[in-house]
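The following pair of complexes shares a single chain, subunit A, combined with subunit B in the former and subunit C in the latter.
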Partner chain A sequence: MTSLHPAESLQQTAPDAPAIVVQGLVKRYKQLAAVDGIDFAVRRGEVFGLIGPDGAGKTTTFQILAGVMEPTAGTASVLGRPPRDARLKIGYITQPFSLYLDLSVDENLRYSAELKQVDEALFEERRARYLKLVDLDRFADRLAGQLSGGMKQKLALCAALIPQPEILLLDEPTTGVDPVSRREFWDVLAALSEEQVTVVVATPYLDEAERCHRVALMYGGRLESPDTPARLRAGLGLARLEVHASDLERAEQVLQTLEAVEDVQTFGDRLDVLVADPERGERAVADALSGLSPQVGRADPTLENVFVTRLRQQGSDPPLLNFPHPLRRSAPAEAVAIGAHQLGKTFGSFRAVHDLSLEVHPGQIYGLLGANGAGKTTTIKMLCGLLPPSTGSVTLAGESDGLRSSELRRRLGYMSQKFTLYDDLSILQNLEFYCGVYSVPRRLRRERIDWVIDICGLRGQENLITGQLPGGWKQRVAFGASVMHQPEVLFLDEPTSGVDPLARRQFWRLIEMFARAGTAVLVTTHYLEEAEHCHRLGFMVAGELVIQGTPGEIKARQPGQIYEVVSADLPHAARALRSLFAQASWRVALFGDRLHVVLDEPDARLAKLQAVGHTRKIEYSLEDAFIGMVQRARQEGS
Partner chain B sequence: MKFLERLLESRLWALMRKETVQILKNRQLLFLLLFPPTVQLLVFGYALSPDVRHLKLAVADYANTADSRELVAAFATNGIFDVAAALNSPQAVSEAVRTGRVTAALVIPPEFQRDLARGQTPEVQLLIDGVDANTAGIASGYASQIVRQFGYTLAGTSPAAIDPIVTILYNPGLRSSWFFVPGVLGLVLTLTSSLVSSATVVREKDVGTLEQLLMTPAAAWEILLAKLAPLFVLLVGEALLALAIARLAFGVPFLGNFWLFMIFTSLYICVGVGIGMMLATIARSQTQVVLTAFFVNLPLIQLSGAIAPIETMPEFFQVVSLADPLRHYIAIVRGMLLKGVGIEALWPNVLVLAASAFLLIAISTNRFRRQLE
Partner chain C sequence: MKRILAQCAKELTQFRRDQLTVALAVLLPMATLLIFGYAIRLEANNIPLAVQDLERSPTSRAFADRFYATNQFVPAHWDGRGAPEALLDAGTAKVVLIIPSDFSRRLDAGKVAPIQALIDGTDSNNARVIRNSVRQVTNFYLSTRSETAPTIALRSRLWFNPGREEALYIVPGVFALVLAIWPPLLMAIAMVREKEQGTIIQVFASSLSAAEFLLGKGLAYFLVGVAQAVAVFGLGAVLFGLRLAGDPTPLAIGTVAMLAASVSYGLFIGTRTTTQSAAVQAVATSGFLTALLLSGFIYPLSNIPFPLSLVSNIVPARYFIEITRDAFVRGTGWPGIWFAPLLLAVLGGVFFLASFRSLKRMQLPG
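Up next, the complex of A and B:
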């Protein structure tokens, strides 16, 4: 036990009593049961993960635990008391973060302290400590509104920590946060857990769920019995095969028809194939793909495999339906659908985008990647004509002037980062509206709207008010709304942010479907395994496009070598290796249940890696590449 | 049929449907459109009346004769003054006025009867609390009138060769509510149309849907027209409501042509809505737009003559007020309601309204697309 806890707070409950106990919890909204009788207990100092599809009841559970909502039936007790009475000991971070964007970092913290009546001297001490912990101490005077998404989340966490809660409730804290910041955020959570802070966290990122002590899968208001990630993976009873082949798309189609195969998923540059019996499965897969030069390797199933398999068993796999009556496109493949030439944008003295050139052709999916605040959204806004560039020129659907004409915009589709739907209208009214403004012919409207409702699995709920939909679901409807007119050029700014893994797969299949029909797609995402679906990628760092190419080319051009280290005591191994690199601790990154270590000169340090755990040389993943590029740029900048 | 088909398929139709549904779902907005204007009209109409009645009068009648009592009675009978206290010392009189217990005090000296008997002009003293200058002026006017009238009755003669006969046109009862109600009607229309239209336009920016909307093929004018058409209908309804209140609660006549009046009112609603739209393209959030609307609307109202007559303003502001569309609209309302004049007299005002509406709407349409920059 450390200084984190004043002695008196511990006397109220025995030290080994669970911090949170939930029994038979039910919450109904009219007829709908959002939470339908769940039981679980969370130990003190535990990081407890809630994972589940959108609309599973996670947010409702958080609201009850935070004491802001009363359950319909059942009990929840936090630190041995009803949640309402334990509120001073609870820190709660909601999905849209609760910061005052027109106050500075310091002012936000001070406000949070005053709200919970933290003593002035204590405040100063904690402020210094937590700002350092989340690495924001240099930005104390900056306005919260000017922080990047990841920094905002860390500030929200910091503000929640100031009153020294014993319980942290985090509802999707890293949605929309880039991979580097997400890792830093989770490092902070790990540090807090070691100080006996109890953390309950919901996340759509399953690599994050791997970092929880225990994970519970939630769907339809019910909760499966929580277990450690390792036991959940083992309990799946399936083996995973990593399959590389010359034509993945074809290979996936072949494997889907195979009886021995339980599930196939394109995962980056490989297929993840789940089979009941590894030996027989391996043979069956190799035989089936004989024409595609397959390489099959065995591996343990991941939490994502568990999640997806369980949800499929529940029958909640969103259907993939063909777009009704698609138009035939005849644009030549070499035409420029989206083009930028030496594009630049400055706001005052801030250079948001600098000297950016790119080309996207019909049928191509271009992924624009970068950390929060790298300039991706500004670039998209310039490319689609919402924001006039300071320098350079833009070509859209073959046109380079009249970018603001109504005629041209009819051929574009755009899904902005947030709030693309009218919350006060029903789902149906929203879709009818977008059909109307994009002049979808009346005879096709019914069909297209039905298509969106079906792919979203919202049949029968068309008249629901959009504002009541969970975030991930809203994203799906918004995507549907932005493609109903079958655009020639489609801009998607973080379309899958906050969307559950199963729905994300469907998202990418739909995007690929539109690309095959000739639509040029420009997409941003923070899920780098998704970025593998892109035909071409561009990485942005501080407003500049630092590298472009196919996923393969980008990975091949990374300096240094990556080693995977597996160790029984991962936190210890990570600490040991990080201390090795001192200033460049980013070289050690947690990937689920293993470490990835980047070495520029492998010979010198390999022995030290091997001393920590089982070490093997691996290929760069896009996520490794991303972390490497962002961190190297950061090092040069500082 | 074909036209209908094309209309139902048009972007404008889609935009209008969406706006109408949103407005109808917005109970608060509907309430804002109906409730405050009604209250404002009633409050302004009744409370802003400058008529002076039932002033408290202290009387110190040192003469205490039949004539002096008759004078006191003359004060008390017309409803303007109420005798609130009978006092008998000069100190008590001045104290009563000083403390505000009474607004005026009448002192009849002991010599009153003697002077009357001698044929000399008797003097009476009237003390009036001048803190409220307006009331004091009116009270003093009434009091001198009463005293003079009383003098004539006593003397039994008509004193002056010229006795002016004043006929008051258009508002024969000189009912001040007739002056105020048309002004308040203009005021209410200005406030609601500018606030409501700015709120609906700025809301898209506030929630973040504006970006998405600007990316659709819809042109700025289509978006704005669709936003304003349903509001326009509601505001015309509000004007009718205000008119009904003017008629029923205050008996304000309607001498002009009703349809012509509604056309001019529609034109003014366009001006109000144009003000709101322009503010919305400038402001960045809902709170900002409400605050700026405050800054714009107050001077508009002050300069319009809705409450205080334009003639009481310094000359400079009288000139400035010519640029105030509300001034012209109120001129139209008063002219049409009370005088029954038509376009032949009001065309300069109508011209100003048309020009302002065009200018405001053109500027905001032009600015609309550039708001994100």
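Up next, the complex of A and C:
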């Protein structure tokens, strides 16, 4: 591994002193306590994860640690000083993105380097190094506003790294970042940690939290005592069963009533079932699902299990309520709700979308997947008539022209990546506005608005100004606003990015509920275990739809074989295996606390895998498929 | 200093990037100058005048023609039927002159010949101007008739603006108006945008001080303001023939002081508001109203009643108008207006300190 940090920049205080110490920290906004007395310490070189639901107080904690906000009570010290005095040693990635959209990548980097007093010669050298590291060197002249979501986050990381901080504060840095880039991002963090950079990171992706040295769960402004992921999982006191069955939805309903079962969660194409006693539980599950050809396997609980179980104990599971007065739809199932024929879009000389054809029928959920910048958002904008295509044609709810007519627009719902709510209106005013825009009948408005407020868990807070809500909550309200009129066609562009795991599950139940009532849904997501909920998937690489099919078909069409490797020293195992593949190091990918390795000719290399850790053959997951497709395309491209 | 320049350079890059802002920054001041320079005319010209000549003698006609001989009055169309007041009601005439049937007889007899002028008093200021004009024309007519010269002849002469060119009065005021509105508007938007887009958090997270941040940002928009000032001064010279009447240094230094005050005012508004629309409204309303009404631009400062007159003391445009009027019309130079740049600098300092105060912690509110 190349050295990311020259030694001279490292601090000279006692090497074993904690880098960050927080004691009795409290932050109140008027009567609301955002942070309500938290204590923790972070070792130098440690990667410290903060996980928690939306509105738990994570962002406030980061703002205090970064020295941009005063606590109401308690102390925080960074590198033995008040955070304000340590600012030049801190790199801070905020949420949302806080670089200048109207400056280019280079100009942003130069300005933030000047803010942090990096001298000119050092800047030039580091700029080149870090841009290459985050794979943005080709885009140095592009305006930040024209980068995709994931590229913006990489730029933010690059800007934070150039002053070579000793402390990195990362507030949900991988929100909206595709699975491949997320892994690259975390590889960079791991390397920095080995260079003794201290990292505090919040993330809604719990597989990422597995890569932290210690993780603390935060909710309601309080922090549970931090611990290693392994101990947190063990501390749950439950065993996990992975259950595959022919009808997951039925199986989940059956298991929820079972006494031996503590919790059931759908995760991708399987159910995660938590039981107190693995043997008894396994028998009970197998018996209960006898008609559904179950396959039950034992496994360790994941951090996601820990997180979800804890939050359910806290009672923060958002309620699932039926949509009031749903309309009956009688569109024939073979009708085309969303159709694209050889769709193409070019911006100047840049081909954003090329020759894309797809069909979505009423009641179908279609998932559009792809890396950041693959053209998903452009496609959605063309499909819902916001952007005229350069070539090809679009059919919407049976109509192929007049896509912008107000009559047709009333039958659509669109939730874009950027918040579509008015930040300076209250939640209630926003919802009332959208009721008006989409002509929800007057007699239904009250109930529909109440429904949105209830599913968001915002009862009693309707009059909060929307701009003050944490990102995940805004996302929920925006979703509510886009479905209040029960659209025939629903476009959701990364609806769940930045939303906590519990709320994400609720989102998908709601999406499925609308689909059952006849709505055609087109959705994009970077959580690939969620993509299993889709009836059909389309996979985009560089503006082209390279594969379409059901989740099962897509997994079945992947070449090679996947092996899972479990090892006590994961970083070491990963390095050992990657060196094995040289140019194709993508074949080794981290999944939480284990490795997935793709082998095209298993026989030749299997022994080497077994030498590194416990190895077993597994089925392709959608995430494996995603990584494989993106990386193979990247290799062909270069 | 290096960090101030870095801040300034970044600000100018952002400014340049937005073509629309650049266009507006140049075009709006010029448009303001054109609109005010051509539209505001305080002196009455081309006043429609109707004459009801009940005598129709050569003398009465000669008297009526005197009015049309000036460039102030033009004949109003009237067929001579009906009551003359109807013309005022219809608005076809602003003034009706009624010459009685015994007009020339009385004049020839050396008696007082009463004539009546009905003046539209809707606009009292204008009515006064018209009345004076009517009186002047009458006096002039009388003086041409009498063979004996009057004992006292008043020959007044306007100093500084001998031709009574209105542009000389209006345009220097518009310069002040332009510099009082547009530079602070751009400044306030640039400041509040950092807050709106959250980019200010990265500034807070660095060790840049509030003074460096404000000075850097201010310097950028000061330079933009200089460009705007040069543009409007140039346009004023080309279109309205304004030339420097004396020493150019008071204008140069005064402009620098005015821009400093203006830009600081923009910073002040920008640091105290949280959204662009609020900032735009605050600057536009406060800047425009004060620069237009409380600066002596149109209404003399001495006419402003007591509590409001205090407000006019902190209106930068008020001092800058004195500077521009002196530079382009009066030409006395430093002895006449030495205090104005000084007071502008003081105002600028006060606004800057006020913005510094609200930002000095360089932290998020709350």
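General observations
Heads up, the rule we're going with is that the second predicted complex is superposed on the first by the 597 of 638 C-alpha atoms of A that agree within 3 Å, B and C clash if a C-alpha of one lies under 4 Å from a C-alpha of the other, contacts with A are read in each partner's own complex, and residues count from 1 in each chain.
Convention: a contact is a pair of C-beta atoms (placed from the backbone, for glycine too) under 8 Å apart; a residue touches a chain by one contact, two chains touch by 3 or more.
If you're wondering where the values come from, they're calculated on a predicted model, not measured in any experiment.
Considered on the superposed subunit A, subunit B and subunit C are sterically incompatible, since they clash. When the two structures are aligned on the shared chain, A:Y92 is found in touch with subunit C, with no touch to subunit B. Look at A:V541: by the touch rule set out above, it reaches neither subunit B nor subunit C.
Of the two partner chains, subunit C is the only one touched by A:G67; subunit B is not.
In the superposed model, A:A503 makes contact with neither subunit B nor subunit C. In the superposed pair of complexes, A:Y414 makes contact with subunit B only, with no contact to subunit C. Once chain A of one complex is fitted onto chain A of the other, the partner contacts of A:D424 extend to both subunit B and subunit C. By the document's definition of touching, of the two partners only subunit C reaches A:D102; subunit B does not.
The superposed model puts subunit C in the path of subunit B at one of 5-13, 41-49 or 365-373, which is 41-49.
Residues 424 of subunit A touch subunit B in one complex and subunit C in the other.
Here subunit C touches subunit A in the complex through residues 2-3, 6-7, 10, 13-14, 17-18, 197-208, 275, 361-364, 366, going by the rule given at the top.
Put simply, subunit B touches subunit A in their complex at residues 5, 8-11, 13-15, 17-18, 21-22, 25-26, 207-209, 211-212, 214-219, 369, 372-373. Chain contact summary for the complex, subunit A toward subunit C: residues 29, 63, 66-70, 87-88, 90, 92, 94, 96-103, 107, 110-112, 114-117, 143, 159, 424. Taken together, the subunit A residues at the contact with subunit B in this complex read 381, 384-388, 404, 406-407, 409-410, 412, 414-416, 418-425, 429, 432-439, 441-442.
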